[in-house]
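Listed below are the structures to be examined.
Next come two complexes, and both contain subunit A; in the first it sits with subunit B, in the second with subunit C.
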Partner chain A sequence: MKYPVSQHGRFSVISLTGEVDLSCSPQAREQILKCLKQGKNLLIDLSQVAYIDSSGVASLVEGFQTARKQKLDFALVGVSKAAMQVLSLARLDTVFTIYDSLDDCE
Partner chain B sequence: MPHINFKDTIELNNIPEIPDIARDFIRLHSSETFSEADINLVIGKDEVFFSQLLEVINSDHFNLTSKASTIPHAIELAGFDRICHLMLCLVVYRAFSQIEIHGLDQQAFWEDSLRRAVSARMLGEQVGLDASRCFMAGLIQDIGFFMLFLLSPNKGMLWSEFRKREPEARYSMERNIFSMTHDDAMVLFCNRWGLKDIVADPVIGHHRCHAEQASLFDQQLCQVLNCADWMAAVYTAVDKSFVINRCREILTGYFRMEFYKTEEFLAAIPDELALTARVLGIKIGEHIDFSQILYQANIKLNEDNANFQELAQRLEQALDERDQLATELNRDLGQAREIQRSLLPPTMASDFPLFGMNISARDLSGDFYDYFKLDDGRIYFNLGDVSGKGVNAALLMVKTSSLFRCLGKRISSPSELMAEVNTELCETSIHGMFVAMVAGLYDPQTGRVRLVNAGNPPALLFTPEGLASEIEANAPPLGVLADAAFPEIEFELANNSLYMVSDGVTESFIAEDEMLGLSGLFKTIAVMDKALSPEQRLQGIVDRFDSTTIPFRDDVTLLLLEAR
Partner chain C sequence: MITEASTENVIEVENLVTHYGDTQILNGINFSVKRGEIMVIMGGSGSGKSTLLRYLLGLNTPTSGCIKLLGKDITQMSTNEMHDMRKNMGVAFQGGALFGSMTVGENIQLPLCEHTRLDENTMRIMSRMKLEVVNLAGFEDLMPSQLSGGMIKRAALARAIIMDPKLLFFDEPSAGLDPVVAAELDELILRLRDAMNMTIVVVTHELDSAFKIADRITVLDQGDILMCGTVDEVRNSDNERIHNLLNRKPKTEVVDVDAYLQRLTGHGV
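Showing the complex of A and B:
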């Protein structure tokens, strides 16, 4: 599955959708790393995510760590309730920069 | 008739003209009224030819009721159609057999055409069509093919390549090489010779037979000529077994012939060919018996069979290798699993305060738990869950567990210990993998617990009365953020029970659409009989899962701490 990528100001936006589990997190990871390799500041739109497992979260963590090394901005936006539950349970909500909506990202 | 475009460059002048006698004869045939004198006038123009024609008519092969003394007499006995068809065959042969095209073997060409004509006649008899018409159509249908080489004489060397192919492959090869087919060229020929009326459309369209053709006659003639093409190809095409099978398909299909008769039918061609060639004075090569053809076809079949057997053997070998690799892999996985299990702590005596349980969803687990005593009697314990599953997760699990145990023996602060492990994991982090872990240090002397929850589901502290409090994660998982802090929560264990679980427990299904969840876990523990052993109580939680119908999606790990 290929996730849609759009542009919002200085950010590229990757919109993850549906169930981000072991079967499709490798694609999410690949797209995230590709954008970062191209030197893009990245927003991950999680508003349409119904379920995310630890492999999906790992893709986000790797994106976060890679962006940090490359001094690029990396943030989550519009995190769905299901995704937020997983992130906050693991206290990852304190690790990621999280915006409510695209309008909040300058 | 189909309209065709041809390039100016093709050598139209190479096409022979229709001989006067043939043109006149056909004109008489199609006119309503003619007299014997009119016929004799035409015969007078080429008496040698017509005496040859009469000889053929009177041969046994033509099967007249009595000998004809003259051509008009023959017309009276056999009908003008039959005589006209035969005349046309001889005229066409006479006109084209003298033309030299470099690379085209004239004798072989006419032998092929004659074999096709004989086959068409045999098929015509099968379906009750005018046999002489079928014969004529069979003989001249590939004049179109000859025409292709006449129009592009420099391609004559390709003729032998065409001859080796079966009819449909030949047809598409024509399109590729000449940009036209022998059907198209046949239109040119019929226009030039004025044969529109005598050569029916099916002769030109025998590669495109379809049920909507104008009449039953057209349909039948089309099928006859199509099948005759395949029958002739039995003797010329390289892939004989394929062509023979196709013939059998058409003969049993369209011509409704019994399967066992098809061989007899195909085997009759060589004798018919020899007889007809002799009567018409057409030279052919040496007699090829159908049994020889079958022999060659069988050789091809045997080759195919040998190839198939070799393929089957190689497949079997590959499957064996795969099985062997799978066995080896399974053995390796089994060993890895054994090593991993050995990293879990042994079950201690019943007065030991900790009891754990681990069920992996796969061979290798990404979950783990551990406990070990320090020299001063305090006990370190942890329960961890590596993101992801399988070998990657298992290796990280081994690494984290080893780091914890190794560093734990010299760092007596859970907070510092977790920070150390975290730094190490962040430095070597790969693929964003991280480890959620709840860990602590329990002092049996004082009964105090110092606990850190790094990204794991809440630890649940139950009073003997069944009241519970949650100790939520207060730090991110290990391996995410190098400078993260891991604050401790300190409390008195007293006679309470501390339950720690991986998310595989709360996310296990207890019904088709229902996960256990944190609240489900609460309720389950709250109603448990406190007199049960730790093992029985943890097993009681696992028993709630509907693992008989829904297999574990994730590893399931539980750890219980109680003062003894």
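Showing the complex of A and C:
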């Protein structure tokens, strides 16, 4: 699974889609860390995510922590209901910066 | 894939007959669980509920009958096929079954180390997230012997859900816990089902817990299924044995003198 990177203002946007599970979360992690290594502020679009498992969420957590260390912005956008339920299970909905849509990100 | 209100059976048991030695434990039972459903198996001691769980987990081979998990008959599976099936299954045993020589964190990460090739950072974050979920954050470096009974049960649950299994089996989640911790575990089971759409089978004889979490309850008695129904259906059942179970009434049996003497002496008359 390849995750496309687009540009929105000062942010790079990685769009995760479908089922983000053990089989493809390593690729998501790699893409997230690669963008951060390049010093990009990052938005992760989760609007098309049907399911995300703990390994996918762990990739988001690692990305967020890496961004904070590098003083880069990192936020989730358009979190689908399925993804939000998983995030809230570990109270991560209160940890991540979350925007409803790309239009809300400045 | 999250689906709501699924009607698909992900666990199907047909005509399951099991023995321990010469003693028949399950008498040809039929049983099914739908995706995303919480099925509670209830029954008194010796009813066969723990035996049923062992067979659902593929730990024993039945005398006859079939057990389908996620559409596949586990009684016909090779060791490798069963190994793959287990990636979809999480089990929290009654006593925790944590490895005493490993830290809590290592115990929880164990299935990931066995079944995946995830990055070490990812595995560490996943196990800490699960500890957050079960309210054991910060306890990853402790040894199991340093945990209370309730904490061991929660750590066992964290290990059971580390792979986000499609099927979660939980043996006596509330046994031996104080009411507050037991209620917290019940809430957690409900949240797991809602967030991950897990199919959950809980074996318990705790009535409060069963009524709180169950979508359906299967009542076992002496190796047979007395009934399978919703909480209200079980509560309103006019079956005397179910009444006795719900009202904690000891069963009175007519003693078969010959059978009793044979059990004591090992000889028939």
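Simple rule for what comes next: the second predicted complex is superposed on the first by the 106 of 106 C-alpha atoms of A that agree within 3 Å, B and C clash if a C-alpha of one lies under 4 Å from a C-alpha of the other, contacts with A are read in each partner's own complex, and residues count from 1 in each chain.
Here is the rule we use: a contact is a pair of C-beta atoms (placed from the backbone, for glycine too) under 8 Å apart; a residue touches a chain by one contact, two chains touch by 3 or more.
What you see is a predicted model, and the numbers here were worked out from it, not measured in a lab.
A.B. asks: Using the superposition on subunit A, tell me whether subunit B and subunit C clash or fit.
C.D. replies: clash
A.B. asks: With both complexes overlaid on chain A, does A:D73 touch subunit B (first), subunit C (second), both or neither?
C.D. replies: Once the two structures are laid over each other on A, A:D73 reaches no partner at all.
A.B. asks: Considering only touches as defined above, state whether A:R29 meets subunit B (first), subunit C (second), both or neither.
C.D. replies: both
A.B. asks: Is A:V61 touching the first partner subunit B, the second partner subunit C, both, or neither of them?
C.D. replies: In the superposition, A:V61 touches subunit B and subunit C alike.
A.B. asks: Contact-wise, after the overlay, does A:T94 reach subunit B, subunit C, both or neither (first, second, both, neither)?
C.D. replies: First partner only.
A.B. asks: Overlap the subunit B and subunit C contact sets on subunit A and report the shared residues.
C.D. replies: Overlap of subunit B and subunit C footprints on subunit A: residues 22, 29, 53-55, 57-59, 61-62, 89-92.
A.B. asks: Touching residues of subunit A toward subunit B in the complex: what are they?
C.D. replies: Listed in rising order, the residues are 22, 29, 53-55, 57-65, 89-92, 94-95.
A.B. asks: Given the complex with subunit A, which residues does subunit C contribute to the contact?
C.D. replies: Going by the criterion above, the answer is residues 1-2, 116, 118-119, 121-123, 125-126, 129-130, 132-133, 162-164, 191-192, 194-196.
A.B. asks: In the complex formed with subunit C, which residues of subunit A make contact?
C.D. replies: For this pair, the touching residues of subunit A are 19, 21-22, 25-26, 29, 50-51, 53-55, 57-59, 61-62, 82, 85-86, 88-92.
A.B. asks: Touching subunit A in the complex: which residues of subunit B?
C.D. replies: Per the stated touch rule, the residues are 385-389, 426, 429, 431-434, 436, 454-457, 472-477, 479-481, 484, 503, 554.
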